[in-house]
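Chain lettering (A, B, C, D, E, F, G and H) follows the sequence in which the chains are written, and residue indices restart at 1 in each chain.
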Amino acid sequence: MTASKEKKLYVKKDWCKGCNICVAFCPMNTLELKDGKINIKDIESCTQCGRCELLCPDYAIYLGGTEDGKK
Amino acid sequence: MTASKEKKLYVKKDWCKGCNICVAFCPMNTLELKDGKINIKDIESCTQCGRCELLCPDYAIYLGGTEDGKK
Amino acid sequence: MSNQCEIRLSGSGGQGLILGGIILAEAALNDGKNAVQSQSYGPEARGGASKAEVIISDNDINYPKVRECDILLSLTQLACDEYLHTLKENGVLVIDESVKTPDRDDIKVYSLPILKTASEKIRKPMVANIVALAVINQITKVTTKESLEGAVLKRVPRGTEDINTNALKEGFNLVNA
Amino acid sequence: MSNQCEIRLSGSGGQGLILGGIILAEAALNDGKNAVQSQSYGPEARGGASKAEVIISDNDINYPKVRECDILLSLTQLACDEYLHTLKENGVLVIDESVKTPDRDDIKVYSLPILKTASEKIRKPMVANIVALAVINQITKVTTKESLEGAVLKRVPRGTEDINTNALKEGFNLVNA
Amino acid sequence: MTSTLVENHFRIGKLPHIWCPGCGHGIIMRSIAVAIDELGYDKNDVCVVSGIGCSSRAPGYMDFNTLHTLHGRALAYATGVKMANPDLKVIVITGDGDCAAIGGNHLIHASRRNIDITTVVFNNNIYGMTGGQYSPTTPTGEKGTTAPFGNIDRNFDLCNLAKGAGATYVARSTAYHANMVKQQVKAALENKGFSFVEAVSICPTYYGRKNKKGDAVSMMEYLKNSTVNVKAADKLPKEKLEGKFLVGEFYKSEEPEYTEEYKKIIDSFQKER
Amino acid sequence: MTSTLVENHFRIGKLPHIWCPGCGHGIIMRSIAVAIDELGYDKNDVCVVSGIGCSSRAPGYMDFNTLHTLHGRALAYATGVKMANPDLKVIVITGDGDCAAIGGNHLIHASRRNIDITTVVFNNNIYGMTGGQYSPTTPTGEKGTTAPFGNIDRNFDLCNLAKGAGATYVARSTAYHANMVKQQVKAALENKGFSFVEAVSICPTYYGRKNKKGDAVSMMEYLKNSTVNVKAADKLPKEKLEGKFLVGEFYKSEEPEYTEEYKKIIDSFQKER
Amino acid sequence: MAKNNVKLMQGNEACVEGALAAGMKFFAGYPITPSTEIAEISSLRLPKVGGKFIQMEDEIAGMAAIIGGSLAGLKSMTATSGPGFSLKQENLGYAAIAEVPCVIVNVQRGGPSTGLPTSPAQGDIMQAKWGTHGDHPIIALSPSSVRETFDLTVKAFNFAEKYRTPVILLTDEVIGHMREKIEIPSPDEIEIIDRVQPKSGLEEYKPYEVNEDQLVPDMAPYGGEYRFHVTGLVHDETGFPSNDSNVAESLLNRIMKKIDNNIDDIALYEEYKLEDAEVAIIAYGSTARSAKSAVDMARAEGIKAGLFRPMTIWPFLDKQVTEVSKKVDNVIVAEMNLGQYVIEVERAGNKHTKVSKCCKANGQLITPDEILAKIKEV
Amino acid sequence: MAKNNVKLMQGNEACVEGALAAGMKFFAGYPITPSTEIAEISSLRLPKVGGKFIQMEDEIAGMAAIIGGSLAGLKSMTATSGPGFSLKQENLGYAAIAEVPCVIVNVQRGGPSTGLPTSPAQGDIMQAKWGTHGDHPIIALSPSSVRETFDLTVKAFNFAEKYRTPVILLTDEVIGHMREKIEIPSPDEIEIIDRVQPKSGLEEYKPYEVNEDQLVPDMAPYGGEYRFHVTGLVHDETGFPSNDSNVAESLLNRIMKKIDNNIDDIALYEEYKLEDAEVAIIAYGSTARSAKSAVDMARAEGIKAGLFRPMTIWPFLDKQVTEVSKKVDNVIVAEMNLGQYVIEVERAGNKHTKVSKCCKANGQLITPDEILAKIKEV
């Protein structure tokens, strides 16, 4: 399921508070906590469903276009 | 209908504010206003239904036993 | 302060005495004088006032309340009983004929059928205040007739001008009679 | 005031430093001394304090806040950065080994694996505060051992006495080691 | 001379009351006294609390423990009284402004807690005491001195509000239906919990005059003719309900009462000792 | 780097926010921003008003006209803002304590007036900001720091309350159902009248800890598993509804909006001239 | 016939007329005797000039709503009396710290509590300054006549806008309810001040920034081109909260200074026969009318009395009162309370002169005779 | 080990313990930082002694409820901080005029408005006296330590009951939140005063009647054998409203006099090294701790400094402050606000000495150094 991904999964570690919500609710088990911060364990598994972005209380993980990376 | 009346119809003129409510709602047309105060026009017609007492906002008309007259 | 005239209009709530006071004060303004009108209230605003007060003067009016008055109108016995003692020596007392003439011989008393005139002659009990104003004016000349007429017409509800002009006329007549 | 010892415990919210401060103050009371404990808050009460302060003295303690401290504990880098400048000359700095040893040569620095001891040796990260208290006590003798033990046992939740006694022991050992 | 009922339940020296001729408040106040009388409560066990307003002047006339508080706050005071002495029968007399404008929050919270207080609102759809400003129950479109062009607020259905907030007895009656007021107050007092009785009153002086509703008698006629009992309402065709409002008991339920629940906490420690 | 949405609708310099790890408020706040984004409102036309509480800190992060008022008073301030400038899209962000305890009266009156304000309550069933006291939505029996023996208050159903008081759009969703929050806020904003969205949030720090509800993830799981959509509820057998609460749109109606009604009065004089 | 702009008008009505003349476009309130006419007349007059009136659920909401309305750009007012004024206090502090211009009218009646609802009093003088928690700036004005009620209401709006601060019009039942001759000034005779709109670019806009010796930040409305944040927390020049003690200090100092430094602009008062006076009465509001009569009566008896009549009650007119104190042998403060303004007069004056008081709080206006008696006594 | 009754205790906790020792049986309130612990601990402790706790919907309701509770016979308390204190003002005036004993704790935080919610302040000093509308009596006490918080809470209840009046305990965030050594006195060391029950026959009972030089009417509870009426309107000795100006005058005079005439009983203060002092610091609450340090520091440098520490803030200790003023060359008032108590000190003292202030309102406790600097400056 690594087909054409229009968007990229970004993380913003310094905003992450390590609540584990995204990890727990990612349907693909793509994420993990590492030293109390979000970490992408396995980007290949990500289906870009957007759940992590939707449920992250701290806007520390999100799907964005390439323009988002620059900010 | 002047049969045995257990109670007596009392008026307390100095409390009456002449609102006309008892007059209007007495089913027997027993009452009237006179100089802006309640007056028993025709005691014989009274059936002691108690409506005037019930609806007088100023407790200026009521049915009472003979003991009430003394107070 | 000597040219200051202090007037107290007393009666029961609903007799339009506050409006009466306002009209009297406005009449004085029409004459180019100063005037202050005030009233007393019951608990909170409810029930309306039992008296209205007017001070008319050629000069500035400082203390705005009437204590001892030059003119007292009393349309009810209760009001007369309560306020009679506030009338100055040589003051003018105007009472409705239903009120007992008090026994004070240091004042001038005018007992006139004010309420009856309103209810029977004009058939509008609520214009008793206007009748009373006319009476007071006719007796005391506290304002000019024209100013009073102007003030009445300005304040009364539209459509009642005639009735009120009539009330004034009958009031004037009561004194002339 | 010379016999007054001022201690600042710093770290991040949730590390139990306020409880630590309370225990330290109670230990001082057990020694028959005076003590004052205070703390700072974030917006309203939320989030918990980032530092706790204790003053221990043989005499009355008037001004209750710690300004320059004799002893500073910093369990996080952030806390150390923020409060290092408040440590007096010749003061004692106790830091977790994860915190960079600052370059101040007018103080005594003790860098010890406090957090690790709690999480790995005792397997209860939340007893880091107790480990730290033991460390401070061992280094500075600010209270007696017995008083500290008594204070710890009085405050910790029932059922956790053993763990906490253990934490104390490991803390003492860290310094002895 | 006064009737035995009035003699026994009112402070005779304070009567006649200050209310205007034809004001409905007097009728409702009497009904409350009759309710207490018929229930045979000891007068010392009754505490009547009110806020500020024409209606809230009632306790001054009633020969019980009486407390005339601040505008809107009667229920909060009453909550304190009831908590402190749960044996008291606590009655709150309030107005539509007092209980639903400034006091709205206390109303919904007392309802929610289901604390054993009987609230009787004298709803005359206006602020009487201050001279005729529109209230939260003034019907949309009607006038008040602060709504000279007609009120654009929608009005509360107080019974709905109290019920929605959790009151366990909710009923409505009117000054015309004085016996119904009595019955409802009795039921309310017997309900162990928060009870709400809306007694629709009349204010001929302000509401009546501002809105051309005629004199006291006309307003009483209106109450007589515009009400439908909730029990009858279901059976009536819709047309018959137009322009009418419902009276009767709207809601009744049994739920844990606040001071009793609190007593359980206290008792749990008594046992421990 | 931040997402375009966050970049465009938040004050980046103020982030990360002060809320605790796992606090549901951040999720709901984001959903509101998405709703505004999808509706394409000009940021200058939006005014977000709050009271005091953790939830009420939200406006500080949101890049609109923002107003952080007093505890409980957001709706009263918002009413002033909306009256003064009816062109503004006014959103009130509030907490269960802010809007239903101290602010309860303003809530029912804003509902009654049907003034065009969208209220979003971040309901975490507790006073978060002050450290975990029970609130009017804390379920009976649960604990708070001021209910050490379990809360004996009955809790409000906020949606019922708002509806009973007259709100013309009423819906509930949860932090777990973040997309539903967005949809409801959109519908609320498009409703010309008073709209009420209850977004059930989680407070792992106080409510969770006090009541042994586990960490943020467990509390989110609870939201996921304990909700039933109102549309589905009718079809479900009773057993399936036990221990669950409803989400979805509860009420929607079209009624005269307050500032529009007021404009009619103004316009009537404009014509006269 | 009287001139067209000469009218018999009630004080409460003159207040509304003054407010409208000053540009009031929003009124939110809750009725209470003896202020109710202000709400009633506002409800009648505002929509006719495109303004808005709303009756809120209580006084708290009324005060909150006018702050909101002011932030959205309209000149806003509320009116109340004692009990309602007490309820507005929390919001009053908000307006002070968030620097929101607004006018609060308090038509004083007899307190404390429900007290004497239909009787006059001047019992809320100290409350006007100290009623809300925490240090904060306040301006309070007190008129002695119907015409002055008009004028000071205009001033109240002007000060509110100029200094971005809540201004209290402290009138009383006597002034509020009495009807008196008033000559309404024509619009071009009335100075009107509006808040200053910001001129800075959108990017660098800071809603609470002040430059050089400017003490009052410019103010944009919600819904204009500037977006900004407003809070009742201590905040820096960006408007966002801060716990920094320097920020707190400079914010509080600035909002206090913007009033204190401009006291000469704000100071309104009348001196009557003070030049050669040996005893000075200090009185304000309706009591000052009695005091003026008393001065005349005293003069008629050969006593050199004079009157200092502050219209600006807060900030306290320290300089003027001190000067008066230095000039006379006796200062008598006459007020319808148990001694409030006199506390400040004593503080300023008792180094220089003997300060006494002529106080009454029984629901009755102090009479000229009572003041005269006091003059003779001291 | 420390003695059993020696504890480390927070100020807020000591307040509850003091209240319980004094007989508190009812607490109604609403949480607010930094007073919340008082509610929390009350909720925990009260049911265990048969008392009652209720969390109301807001501060207004909390204050109203304790008045109701007190009338029904229980000793009652509420606790709050600035914003909540502002909201309670209307009800405070009710308690004053209806003479309902109750205790209101205000743990002061930084104002105005939401201000600095977690920082200490002494900004509500004047509000404690003047916050509600109309003239009214008030007693306010301010402790400087945890133990004194206990003691003054007991005193607050005693004064409330003895004088039938609301009593304010004005503490601050520093005292409320700090933990300190406290030795809890044993019950027999604590004087407890209860309201006096009426003894008159039921027929002639008048709830507000006083005899001879009695200033405080006896007080029966609702639900006892006396039935009576209570109102916030001006009322006569029967408790029923009256518009009579004589009634108003005598009621107000009596409730003011019952405090003023008993000021010697109510006056609590400490004098520290004042005997030979040339400069006197006047400070209260937490600031007094710094002031004491400053005095010691000054003495160490040879400056003859002393401290006058009022624990009774209201009524103002005019006699004592005047005496201090006469004795020293300089008086410095140190307080965590922009100058409040100093106004009264100036009024009393500036005839006799130079009064200056050492004020700060930025959320930080004034330090001994700052006071010392001021001592050197004057």
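Please note the rule applied: contacts are C-beta pairs under 8 Å (C-beta built on N, C-alpha and C of every residue); 3 or more make two chains touch, one makes a residue touch a chain.
Just so you know, these numbers come straight off a predicted model, no measurement behind them.
Applying the stated touch criterion, the connected components after chain F is left out read A | B, C, D, E, G, H.
Shared contact partners of chain A and chain H, listed by label, are F. The leading chain pair by number of C-beta pairs in contact is G-H. The geometric centre of chain D is 54 Å away from that of chain G, both derived from CA atoms. Centre-to-centre spacing of chain B and chain D amounts to 86 Å, using the average Cα coordinate of each chain.
Chain centres here are Cα means. That of chain A falls 27 Å from that of chain F. Shared interface positions of chain E, i.e. residues touching 2 or more other chains, are given as 20, 52, 70, 101-102, 104-105, 109, 129-131, 136, 149, 153, 262, 265, 268. Annotation for chain A: no residues touch 2 or more other chains.
Taken residue by residue, chain H touches two or more other chains at 33, 36, 47, 57-58, 83, 90, 94, 113-114, 117-118, 231-233, 241, 243, whereas all remaining positions touch fewer. Residues 1-2, 6-8, 33-34, 36, 117-118, 174, 177-181, 286, 289-290, 292-293, 296, 365, 367-368 of chain H touch chain D in their complex.
On the side of chain B, the complex with chain E involves touching residues 10, 12, 14-15, 17-21, 24-25, 53-60, 62-65, 67-71. The touching residues of chain E, counted against chain B in their complex, run 1-7, 10, 15-17, 19-27, 30, 175-176, 178-179, 204, 215-217, 220-221.
Of all residues in chain C, those touching chain G in their complex are 1, 22, 25-26, 29-30, 32, 34-45, 61-65, 67, 147, 150. By the touch criterion stated above, chain G contacts chain H in their complex at residues 82-83, 85-87, 89-90, 93-94, 96-98, 108, 110-119, 121, 123-124, 126-127, 129-136, 231-234, 243, 245-246, 248-249, 252, 256, 337-340, 343-344, 346-347, 350-351, 360-364.
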